[in-house]
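Each of the two complexes below includes subunit A, the first together with subunit B, the second together with subunit C.
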Partner chain A sequence: MDTQSYMPVPPGIGMEENYFSLDDILLSHERLPCKTECSFPRLGFLEKSSDTRDIPEGSKMEMPLWLAKGLYEKKRRVLSVELPKVYRGGWRTVFGADPTVVDLHKMGPYYYGLGSQMLHFDSPENPEIAQIVLQTFIGRFRRTMDSSQNAYNEDTSALVERLDCLERSLFKAGQSGLNGFQQWEKGRSSHLTASSLVINYRKRKITDLQA
Partner chain B sequence: MDAAEVEFLAEKEIVEIIPNFSLDKIYLIGGDLGPFNPGLPVEVPVWLALNLKQRHKCRIIPPEWMDTEKLEEIREQERKLDTFTPIPSPYYMELTKLLLNHAADNIPKADDIRTLVKDIWDTRMAKLRLSADSFISQQEAHAQLDNLTLMEINTTRSFLLNSLNYMYKLRKNLQPTRTHDY
Partner chain C sequence: FCEKALELIRELQRMGDGQLPAFNEDGIRQVLEEMKALYEQNQSDVNEAKTEGKSELIPTIKFRHSCLLRNQRCSAAYLYDRLLRIRALRWEYGSVLPTTIRFHMCAEETEWFNQYKKSLATYMRSLGGEEGLDITQDMKPPKSLYIEVRCLKDHGEFEIDDGTVILLKKNSQHFLPRWKCEQLIRQGILEHVIS
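Coming up: the complex of A and B.
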């Protein structure tokens, strides 16, 4: 039975993030190339390359997403964020041509999540980014479905290698459905097995103690 | 939902048996189970039939659709049409497995029936995947699939629901966002 005492919070796909979701927390650590629009006084020690006391205006830095989101403001006084290269025009045409051949894990394991978060930064290419993320998902769906529903009892690491994290969770859902059905068909679903804790703990029996 | 839970629901289906004991009518909460007389067929739910069979108290009569010719006809029709054909019992997969595991001696040509039902299942699952794929690739909001059984739905439920959720949220990105007023 699927009784879990721990129900993981799913990632909030789209423009919201779930505060408690582990996937979203890891996602917000992705770094984005940014340019400062005003100077940050007395924070020069953060910028290892220059030895000035404060970070001057217009310096290029890499910031994690959570910091960039917090500092970004519509009137653009503080920060301007550039798109990572995966979401720019060149790569967009690659994804448009054939989404299935791309190794999405290498392109940043959170392609869909990060793509959705980039829409917060009001770049003029926002509609195209949203469109290409959606189209990539649709294009790769068939392959994910086929591989998850047909790989029973074999090593799936080669199949999962090129998938992004969101697709991996889908793959796992498909596998669990398939495995559940196959177990049931073999009659193993009501098979009682000793818990691994009991076997490993090697409880002493009362007869051994008395002897 | 587990496959085991679907099997539990399937055990409510009615099947005919021939008991070899006698008992008066019994009154259960779910309904009455008719008087049992040795040698006379009586209709009972599958859970009772399997229990009696394991205790060697009855002989199970296979349901009328569990016959090689009928199943071959259904298999051919399933292969010809693109949509799902109506099948004789909404729990065909579970009943096949239960009856063939416990009462194979009462069912003629048990192995052929097992193979035929497996073929029908494979064809239907392939059609289900094809329609799920076209559903997603054309970004439809609504699909209607007739004549699906609970077991088939249960196997693909989590995958299909999650992917539709993700697709919905990615589609919401396309719409212009509200401005945040802090």
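Coming up: the complex of A and C.
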């Protein structure tokens, strides 16, 4: 098994985000439909459809998660966030019926992360959202783990493309564990190899020279 | 707003396996300029709100403040992640980095790398008695003292402990002590041969 030297900051668990995690930053860039509860003077230039100087009250916009989190207040003075359709009633029954068939990557590659973050916004459907995210994960976990532990030396792109980011990292961990075990079985665990960083650098250099 | 900062993060995310792309000085500078502009706008609005009592400006101020925090987070994460990658380079490549990588680092990062090297060396010297212990060796448990290696590219001459000099030409095979070769194998210059 290749020893890992580069350990990036992992994404946060549950409702918390890790400040430095690149995955969390990209996750919080996902857009949510929102409605403004009060007006935003002098920010009219953000709203491309209207020509006013301010953003009036009650206008519907799509905001990235980080902005919605920053502006949201418990007293509901500023913003109200609507649930994206993936977390609403109709889809929830689909997930409840059979979670394994859904293409989670298409639904927004950060299904679990975004779902956990939505719980910050105190919508009345919070317990159901939490429940459905958990159920989906449990339903899909077995299949993910199974496929990651048994796909040795194959092209796994067909398996991976329907998974969201959390599941993909789990899959990758499973694969590297499997590879390590196979190496050990073959007796190659003491085989010193060039580090993967070095190999990748070489590959890139050659492609740079050819370009 | 904050698109440029996100682009920096995406650039790093694309190189998932820990390689270091060139330092995007332009990108960082643009993010800082955007932050400055937002901050100045906010300052003037805050002053206006205080003097004239216009509390309706507060949401706008909050908005800009969120953007500032976001930019700050993105640039901090960008710099931190790069440092993590540079640290990994020390463990993979050894103390001397190839010139191409050195061009990808900015001046402060090179400084950090040198300091890190020094701290690591001081730490290694303090372990294991007088001579210290090189912890970057023996990443996988060793099975024998001497190993068979084949040279993948010309590296010139190589001297081992008892004074013999070995010429490393492409495809030449040698039987060498393990601890001398480990660094070179990790860098891809030698290849470990198992019969």
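Operating definition for what follows: the second predicted complex is superposed on the first by the 187 of 211 C-alpha atoms of A that agree within 3 Å, B and C clash if a C-alpha of one lies under 4 Å from a C-alpha of the other, contacts with A are read in each partner's own complex, and residues count from 1 in each chain.
Note that a residue touches a chain if its C-beta (ideal position, glycine included) is under 8 Å from a C-beta of that chain, and two chains touch if they have at least 3 such contacts.
This one's a predicted model, so the numbers in the text were calculated from it and none came from an experiment.
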For A:166, using the defined touch cut-off, is the partner it touches subunit B, subunit C, both, or neither? Pick first, second, both or neither.
first
Given the touch rule stated above, what does A:40 touch, subunit B (first), subunit C (second), both, or neither?
second
Counting only touches as set out at the top, which of subunit B and subunit C does A:70 meet: first, second, both, neither?
second
Touched partner set for A:151, first subunit B, second subunit C, both or neither
neither
Looking at A:83, would you say it contacts subunit B, subunit C, both, or neither? Reply first, second, both or neither.
neither
Touching A:25, do we find subunit B (first), subunit C (second), both, or neither?
second
A:141 in the overlay: touching subunit B, subunit C, both, or neither? Say first, second, both or neither.
first
Now for A:94: first (subunit B), second (subunit C), both, or neither, which partner does it touch?
neither
Common interface residues of subunit A - those touching subunit B in one complex and subunit C in the other:
189-190
Which positions of subunit C touch subunit A when the two form their complex?
1, 6, 9-10, 12-13, 17-19, 45, 56-57, 59-60, 62-63, 65-67, 69-70, 73-74, 76-77, 80-81, 84-85, 87-89, 91-93, 98, 100-101, 139-143, 147, 181-182, 185-188, 191-192, 194
In their shared complex, subunit C is touched by residues of subunit A numbered 3, 5-9, 19-23, 25-26, 29, 38-43, 46, 66-67, 70-71, 78, 188-202, 204-205
State the interface residues of subunit B toward subunit A in the complex, per the touch definition above.
2-4, 7, 97, 101, 125, 129, 132-133, 136-137, 139, 151, 154-159, 162-163, 165-167, 169-174, 177, 179
List the residues on subunit A that touch subunit B in their complex, please.
1-2, 12-15, 74, 112, 116, 119, 127, 130-131, 133-134, 137-138, 141-142, 145-146, 148-149, 166, 169-170, 173-174, 176-178, 180-181, 183-185, 187, 189-190
